[in-house]
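Here's the structure we're looking at; comments come further down.
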Amino acid sequence: MNTINAEDLVKEKHVVKVGNLAIGGRDLVVIAGPCAIESYDQLLQTATSIKRSGANILRGGAYKPRTSPYSFRGKGEEGLRILKEVKELTGLPVITEVMDARQIENIAEVADMLQIGSRNMQNFTLLTEVGKLKLPVLLKRGLAATIEEWLFAAEYILSEGNDKVVLCERGIRTFETYTRNTLDVVAIPAVKELSGLPVILDPSHGTGKRTLVSPAAMAGIAAGADGLIIEVHPNPEEALSDGPQSLDLEQFEQFMNRLDRVAETFGRSL
Amino acid sequence: MNTINAEDLVKEKHVVKVGNLAIGGRDLVVIAGPCAIESYDQLLQTATSIKRSGANILRGGAYKPRTSPYSFRGKGEEGLRILKEVKELTGLPVITEVMDARQIENIAEVADMLQIGSRNMQNFTLLTEVGKLKLPVLLKRGLAATIEEWLFAAEYILSEGNDKVVLCERGIRTFETYTRNTLDVVAIPAVKELSGLPVILDPSHGTGKRTLVSPAAMAGIAAGADGLIIEVHPNPEEALSDGPQSLDLEQFEQFMNRLDRVAETFGRSL
Amino acid sequence: MNTINAEDLVKEKHVVKVGNLAIGGRDLVVIAGPCAIESYDQLLQTATSIKRSGANILRGGAYKPRTSPYSFRGKGEEGLRILKEVKELTGLPVITEVMDARQIENIAEVADMLQIGSRNMQNFTLLTEVGKLKLPVLLKRGLAATIEEWLFAAEYILSEGNDKVVLCERGIRTFETYTRNTLDVVAIPAVKELSGLPVILDPSHGTGKRTLVSPAAMAGIAAGADGLIIEVHPNPEEALSDGPQSLDLEQFEQFMNRLDRVAETFGRSL
Amino acid sequence: MNTINAEDLVKEKHVVKVGNLAIGGRDLVVIAGPCAIESYDQLLQTATSIKRSGANILRGGAYKPRTSPYSFRGKGEEGLRILKEVKELTGLPVITEVMDARQIENIAEVADMLQIGSRNMQNFTLLTEVGKLKLPVLLKRGLAATIEEWLFAAEYILSEGNDKVVLCERGIRTFETYTRNTLDVVAIPAVKELSGLPVILDPSHGTGKRTLVSPAAMAGIAAGADGLIIEVHPNPEEALSDGPQSLDLEQFEQFMNRLDRVAETFGRSL
């Protein structure tokens, strides 16, 4: 086992404000929504429902990183327009992924929080650019990133002056193929003892299987996560991406009821 | 992602009796004790204390698998004698590791449950031999074993007629070196949806770090584990093996108090 | 990167004698034959053909470690009898796997070299038992064994007095699924700089694909391997195990012709 | 083992021209030079020497991706100026890494070939941008990229119209820590059977250890690589990055002599 040379790492406890919300305080924050924005109706229906179920932030991808160039890569600017309308109608703050420094300006007009995806965790020029903004950033752990590399990626943003960084554990790549990734739940308390940054968990990508999302999420809260990001789709069977790991609207509502009871046990509230 | 060809796997829910205890029912079972039996005093002091704190089963290794032949490999038969005396004095059922079919007879005279360690998860002749007994078996997942391989290893025991198999998730080997292993917490609900066997979690080997044992354990309970196996030593700094991941007696007592509150939230009792 | 605490490791160069052969000297040694002994005809046909093609040692499993207890697990003692007859008829020395200390006596009557399989690399009681013999041992690297653990497993045999240990690199388990394992070709020069033991390569298990066996084997020789172990079957499509990675008799003959030219370039002979 | 859904992949054999050189034909191509451009003298001395030893292309990083923002991140534009001068003086074509679409214009004025580093293998906007150029691109495999993901990353470039793509195997991340990465030598013939793209090997990053560079390189040639990329530094002990894996000028000369003999055996020339 290595010890991490952590002297360069930020240590003081960060609470990151997103609109009226605070990530890293007593309240758990739940981000929910579809993997990709597919249509106005799809996003509005999802947003209305997850808000009623208690979610705090709406997620929805306009630009999607996909393994194959021939897969659906998101609706781009049209997706952003839909996201903006649904945000205004529902009053939910929104988070969406940024893949390229040149997209930042357009995205920043809509988004309350930027997401850096796993594949871009060490896209250092992108990290540097979002470091120059005031917007909160959700930094997903890379597929094969050590905890040390993840924290140094955060440091790229922090060292540019943006201290609104929230980490997101979403599973690492291992030999196991039954789950889509291996969720490293213990990384949550590990990064908390090494840095002062809030951490949320993505049990959807972390498991890849709808039936495992809830137990994985509860495990994350028990391990000290400050929140969750969950894929929700009104009709997972017809989702253009990540259907098998998406909850439908009713499953999400039941999930939130369960989460409420669990949060209290761990001294958190929703 | 693969789907597992699970048609050969045992499906009906198993509750495994160890003495008066039942693993896989409503009650959580906590196994605690030192990695290795070092002396009569060490084991008795530990056993007395963990019993008072609420542990159900005493663990202690007499035969220790060690990477190097030049490391401390356990006290062997003397260790078994100590284990027997401490068992009789405290009334705690005991579990200890069996590494070789030829040790089974001696160990079975003392142990209430046999442990098959990670390195022997695919020692098929050993699995076959313990399959011929009536004793409960704790089958640890191999360092690089897929969930499928782990369940088929259990099937080696079950197919010989011994249906008292309890699975133990103890972390898998990945690229991450901050923790000793990567605890695959999601494997707990995964094996539960694939088989009917009880599962317990080993947060000590799974993390390798004392400070991470408690959050990892709580995560396991939240994910549906039927129990825990925890390394406890009266003086971890002087332990002959696994000191850095062992709780001391007071830390274990505090841990059990916290566990009590958490168990209830998840519909379990201690 | 870690440095290995190698002070306990054997350093002097070992050349291991198997009958008239020497593994670790100038001559490359080629072990070939079927994964499992299926019948007298299958083994005799294979042995006769590989001998003509230039192979030095016949392999054939009588006891097979299989993930599922319901798979073909070898012909056991009948397999040993077949192996003995074919050995006498062809004059080829033979190697076969030992999975249990209690099998050693019977196997040692037939085998010129014992194989410890990957799953048993840390079966320390088995290592200790073969350490008490005079027979050469082929020690396969475990699926998830570090180089350090592999060398210490060898040390279990060496420290008992048997210095006839040959290492076998056969691929490690990684996230890549296109090949059955990831062949760690660089481990060959690595163990050579850390120890004095001969190393051979298993490109059959290392790749899992017939088409990749030859390039993998040539890579191994280029990296300094002292020999190869290759799965050959008269009719791979009907093999009871490992068919997709087995060469047929003609493919093996062609392979040996190519190997002959390559060996010379690297200062080796067949 | 999975089979790759390869119907979308380019199949016809590609030979990629870089100046007068052809990568993927009979001639092996050797790229050599320092990890980072540190000074005019350092680069000129290296370039002059490696040219005399037979290298075909000069490498040198101006923009360096580094885990920590506080490490040396390259000399940037000054590095490019040095690279340009040394290229003109020596006549060697040059390759350097591009990390951001906004750097492409400046880099393309100097470079004969662009390198996409491991961390950017799935930086899809960068892949798309270099796909719009006519310049050859060396696409390094990501640390945890499957062969399938690597080939689809190439497809991002190819599908934009740039068919000058050369793949580079540089090791994957595994549990093994003795080497910096695990060089997946078998990936060379694997991508050759799946696509028509040339492949070169990076034994420097693949091993992380000077002593292992030569055997790893020879293994790569034996497995069918079309060339090599090697880190060379006039004074590795004082290198600002990657010193332990860099050959010095004399070691590189000896290496090229050995390579010459090996190439012929495998039907290649230098």
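Which chain is which? They are A, B, C and D, in the order written, and residues in each are numbered from 1.
The rule is simple: a residue touches a chain if its C-beta (ideal position, glycine included) is under 8 Å from a C-beta of that chain, and two chains touch if they have at least 3 such contacts.
Small disclaimer: the values here were computed from a predicted structure and weren't measured.
Which chains sit in contact with both members of the pair chain C and chain D?
The shared contacts of chain C and chain D, listed by label, come to A, B.
Could you label the chain A-chain B interface same or different, taking same to mean over half of its residue numbers are used by both chains?
Copies use mostly the same positions to touch.
Measuring from the mean C-alpha position of chain A to the mean C-alpha position of chain B, what distance in angstrom results?
Each chain's C-alpha centroid was found; their separation is 34 Å.
Please report how many Å separate the Cα centroid of chain A from that of chain C, as a whole number.
So the centre of chain A lies 48 Å away from the centre of chain C.
Pull out every residue in chain A that's touching 2 or more other chains.
Counting only residues that touch two or more other chains, chain A contributes 2, 144, 148, 173-175, 177.
Mind listing the chain B positions that touch chain C in their complex?
Its residues touching chain C are 8, 65-70, 73, 99-102, 119-120, 122-125, 142-144, 148-149, 152, 155-156, 159, 173.
In the complex formed with chain D, which residues of chain B make contact?
2, 144, 173-175, 177
Can you check the complex and tell me which residues of chain A touch chain B?
Touching chain B from chain A are residues 1-2, 4, 144, 146-148, 172, 174-180, 182-190, 193, 206-208, 211-212, 215-216, 218-224, 261-262, 264-266.
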